[in-house]
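The following pair of complexes shares a single chain, chain A, combined with chain B in the former and chain C in the latter.
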Partner chain A sequence: MREEINVETDVAVNNVKISAKDVQVFYGDNHAIKDVTVEIEDKTVTAFIGPSGCGKSTFLRCINRMNDTIDVCRVVGDIRIDGENIYDPKIDPVQLRAKVGMVFQKPNPFPKSIYDNVAYGPRIHGLARNKAELDEIVERSLRSGAIWDEVKDRLHAPGTGLSGGQQQRLCIARAIATEPNVLLMDEPCSALDPIATAQVEELIDELRRSYSVVIVTHSMQQAARVSQKTAFFHLGSLVEYGETSAIFTNPIDPRTESYITGRIG
Partner chain B sequence: MDGGGMPVFWVVAVIFVVSVVGFITGRARALQSAAGDARRLHSLPIYYGSNVALWAIVPAAAALIVWLLMQPMFVNSKVIETLPASLLDGGSSIGLVMSDVRRVAEGLDVAVAQGALSRDAAASIGSSSVNIRDFLGSIGVALGSDVSPEVVDAAQLYRGLNATGSTLMSWIVLAISVLGAAYAYGRSNADFRARNVVERGALGLLIGAASIAIVTTIGILFALLFNTIEFFKLYPATEFFFGTNWSPSFSGRGGLSELGVLPLLWGTFYISFIAMLVAVPIGLFSAIYLSEYASSRVRSVAKPLIEILAGIPTIVYGLFALLTVGPLLVSMFGKDTLNWMQGGTAVMTAGLVMGIMLIPFVSSLSDDIINAVPQALREGSYGLGATQSETIRLVILPAALPGIVGAILLAASRAIGETMIVVLGAGAAARLSMNPFDAMTTITAKIVSQLTGDADFSSPEALVAFALGMTLFALTLGLNVFALFIVRKYREQYD
Partner chain C sequence: MPNDTKILNGASHRSLLSKQDAHTQKRNSAEKRFRIYGMVALSIGVLFLIFLFASILRSGLPAFTQTVVNVEFVVSQEEFNKAESKMLKTKAYQDIFVAALNAELEKRNVEIAYDKKTIERIVGKPGGTIRSYFTEDPSRVGRLAAFELTASSRVDGYFNGRVTRESLVDSRFLKAVDLDLVDALHASGIIRQAFNWNFITGTDSGVDNPGGAGLGASVIGSFFMMLVVLFLSLPIGVAASIYLEEFAPKNRWTDFIEVNISNLAAVPSIVFGILGLAVFIQFAGLPQSAPLVGGLVLTLMTLPTIIISTRASLAAVPPSIRDAALGVGASKMQSVFHHVLPLAMPGILTGTIIGLAQALGETAPLLLIGMVGFVAREYPDGFMSGFTDANSAMPAQIYTWASRADPGFYEKAWGGIIILLLFLITMNAIAIILRRRFERRW
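Then we have the complex of A and B:
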């Protein structure tokens, strides 16, 4: 614990990476996110916790504008990454998503080879000038995804043939391959067994060195293990946001306390 | 009209009455055995009633069906035994004589039914007393030739045997029904597991329905097969399969006809190919638009509209080809302009219209298949910064490809089997030509033309229809099996 707190003081001096102000999200008439204001720091793991339907995944999906793909969804407010408003009409959401990688709840490798899965992003964005460069990007991404040693001999085997934990690390490597600044993870371990979960959590801790990581999780233990900052959502509002250790040991809001002690949720 | 029609109706009616009575009494008896308390019965009262009704119907109906199948065979063989050999000398076959016998017997039945003859008079009528042909002609039953006394005698025997058979059948079937009901009634008491019996009855009903479909398919296959073999006895198989000329003659009996299947196969493939050239891109693109781009409002209007195309009878498409597309193509490619096209009926006309007909098949099957691609794959691709069309091209279509190929093959087998559009749109000339603006014809259209009119079913010109049908069946079966194989392989990927 002591070591973690030291690390947190380290990152506390880092710049703000994502800054959201008065964000509202509507699904048709349903007001799903109410007045969320939060500042997420660079090179930090930030956990979003809260009961099902509290809006944490919805808010996560605002950060890479994935909500744009839903017809009835409307986002109001101001979200800035590195000071740039991502809902500005100048911003191309497709380009934005290359810079804000996302990892999903269920591992979703494409029905292609492991190599083609990782090369997918670099290919559509033209990141490699030739085959050798592409090979290099694929290897680097797979190494960052902590899966290189397991798949280096079968890069052309289908990605769907890997185990669940390997698939999820492949998806993380795939997201890293487009060289994002931010990694969003929507309950990345909820479909994995404890051993695969431990491997992915270890990887998340590694990723903190290079990226700002935002992770939605149902498991409070996971939030406590991997994150430095925690945000507690309830009924579409951001109830409390702060140092993870503070949220779990000394919550200010009674709703946060009820949730982490298991009285609500 | 062999006198069995009415008895069968009445037998069925009486069996029904027996089963209703059995239902009511069986239910009542079971209740009575439990002293009126339904809770002490093993099964609900309705099951006891149903059990009795089942026993009244099922064995009797089975006996009835078997009897109806066997009686004509039995009667025929009995009548044939009595026919004198002299009748068969004149070059006519047993089949022809027997059809005369049946015709006379039918005529006499009609006479009785119309009141022109009393029942006794009909039974005693002989060729000596009246001219049977004139007499039957006067009541509207035309005979092809004068009938010999032997045929009249045989007809009388035929009527007699059928009448006895029908009477016997009625009594036996009714007895089985009553006995069955009585047996089940006797077993209706509180401890009897009527529910389980009814359950087995339901199972039997379902198995029966499934087997009827299968047995019919096998029956059709065998009918085709036997007639095809018959055809190949009259006409060499090599000339059929490798002949490049199709010119059947109806004047002589064989010999003059050339019945090569190749021009028809070529026409079939050419028209189907053009149809697929139209249907696959349009159907696939509209499926992609509907499943990936269209808002739910557009989809709810557009999808049913496209599917209406599938509900239009093919004869209407044929008219569209004949009256609209054909003349339009002639005005574009006819002798006033490019002079590629001589008349409105052409491979192109039929192919285009058939392609339009197939659009909904391709689009609605592909739509289902594209929708079956997991949403997670789309999100994964969008999350990596891919555009919608990149996602479709690089992720969704490759994932859905086996299913789409299956859909296309199913549509192709429909194209190969299509008839009306070809008859009206492509003409009737069998020819091997590369020009898509020439009139050609297909296997199905030729089957129709070989069998319409007065076909003599012992000539190769008529029997060739079965060989054509068999060829077509083998083709479409092969395509369907291949399509199903691919679709099934695809399914394993996501389940």
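Then we have the complex of A and C:
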């Protein structure tokens, strides 16, 4: 099955990982996302910016169907990852979420040990056949999360005992452990101090080599620092999408310009 | 002064900080008054509590002691044969006993006039007890036998201060003059106070024998009821709460169910009792007065408590934990059972134990399913019959005792309440310990 899809991907779409077409999201009667069409590239950091309540987080949560957990939320349209429509009734959201990892705004490690935090995903998905393999996955993930050196001596200490920045990197390591293709980050640095933010940003840049990273951020400086592509959302619509450098230096839409220069938002 | 007032009113914020203005003074005194109200309310509560415990202990502690008559004597082979050959065998032993008591008094140089009837009024007729002691094991004949016989409840009451010479004027159970002998026996150490183990381990006695009444059988009855309650209400309650809190869609139906669970928690327990009588006994044909039925009724009563506390502790688990689990690809059920439930466990356990404690002390439903109104004289013979044999339960037994005429039962009822409270305090302590334990894990 997977082989087939890969073939299709290579032929049909050129380096596009996620392609959304005419996506609408409704919260009850509230039309939260209007006609969003966007193609997100593989091995790229894509930043979603925009004022509060513009729908950027909502759209992000559509990509791994986290919105399913909200009863009143309804998604219309087409979102494809590697050519597969993720809103197809045949798609199991649980399997999808293993492929599309997510890091949340507030660091939310499980109240378990550091080791168990990272090992949980591989365990429930059966990625390791034995303890040695699991150990290896945990170490690899913690290394990718740039936190291995800080925690290697206390893997069995509680994850909740780490500092905020370490917790967030632990959450990133946990998301990586299930070997996803896409990593979604919902304002991952908003609860961190500048030093921890710098560490996480550096990590995001590393992650770009292996994953398609989508990051929602309130900080335009952060978007400029970490992303290659930027999408600007306003009032539920995707206003402008393009190269980060182009968006920040030479925005086409006047609304984008107003936001970047600080006149709206 | 008028000048001063003007400053305070007009420019209070400009006045000296070390000098309080009228408004601040008013606010401070209101605060102080409120604190005093609170302390008064608290002290009233504490006073009531002290009064309650003092009166429970004062009235209930005598139930744990028992006046006993200690006599030692030897029954020779001839005496044994002679007594066994008589028509009225127990009377013969009674005579042996009286003779032995006489001998004891003589040995101690106590001179007092009394007759056989006096002794009967003090210790009843222990002839049967003495006879069965020897007939059970004939090798005991010819050897020194020590008897500890329970004195009648009036003698017990005399030592507890419940019975006085004045109150015995018209009594046919014990005469005021009999107390001379009691005093003499007490002074010589033949009558003394002993700890009443029978009250804790024994079964209920007839209405005329408060001294022999024990709570043991009803403790066992309560134990089997609590087993039923625990093994039914915990899984049903937790499963219902998990479904309602985590899986059920939020619509008019689940709202309706939610409201009704809260309503059920407020339904008077006697309603559950009559429901149990109608459904479990009359319709399903389960045995009357059985701990099984009591447990089923109390399960119905405890379920809403457990569901409400379980839902509250599930709702208290931060949603970020659920997001985290779903985010790494856990299914809804995995996220609940691996992450949410363990975090909610302390709250669930506490709620369950509080619910059980509530059920343990519940009386009204037990009245209706027939756990009172008979004398629970027997322990169940085995584990299974513990559920189905007619038995009493602690609160029902206390109720039965309190409604009996003999004042000796009054202190038994208080004593029963002490034991019941000990069980409740233990359960609450376990709840606290469990909660601390689970919370300290991280």
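The working rule: the second predicted complex is superposed on the first by the 251 of 265 C-alpha atoms of A that agree within 3 Å, B and C clash if a C-alpha of one lies under 4 Å from a C-alpha of the other, contacts with A are read in each partner's own complex, and residues count from 1 in each chain.
Just so it is clear, a residue touches a chain if its C-beta (ideal position, glycine included) is under 8 Å from a C-beta of that chain, and two chains touch if they have at least 3 such contacts.
All values derive from a computational prediction rather than experimental measurement.
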(message) For the combined arrangement obtained by superposing on chain A, do chain B and chain C clash, or do they fit?
(response) clash
(message) Is A:225 touching anything from chain B or chain C once the two structures are fitted on A? First, second, both or neither.
(response) neither
(message) Quick check on the superposed pair: does A:17 touch chain B, chain C, both, or neither? Answer first, second, both or neither.
(response) neither
(request) Name the contact category of A:94: first (chain B only), second (chain C only), both, or neither. (result) both
(request) From the options 44-52, 80-88, 98-106 or 170-178, pick the one stretch of chain C whose C-alpha atoms clash with chain B. (result) 44-52
(message) Just to be sure I follow: which residues of chain A are touched by chain B in one complex and then by chain C in the other one?
(response) 64, 66, 69, 71, 94-99, 101-102, 104, 106, 108-112, 120-121, 124-125, 160, 171, 174-175, 178
(request) Provide the residue numbers of chain B that touch chain A in the complex, in ascending order. (result) 295-296, 374, 376-387, 390, 394-395, 398-399, 493
(request) Show which residues of chain A lie in contact with chain C when the two form their complex. (result) 64, 66, 69, 71, 94-99, 101-104, 106, 108-112, 120-121, 124-125, 158, 160, 171, 174-175, 177-178
(message) Quick check: in the complex, which residue numbers of chain A touch chain B?
(response) 64, 66, 69, 71, 94-99, 101-102, 104, 106, 108-112, 120-121, 124-125, 160, 171, 174-175, 178
(message) Under the definition above, what is the set of chain C residues touching chain A in their complex?
(response) 249-250, 318, 320-331, 334, 338-339, 343, 441-442
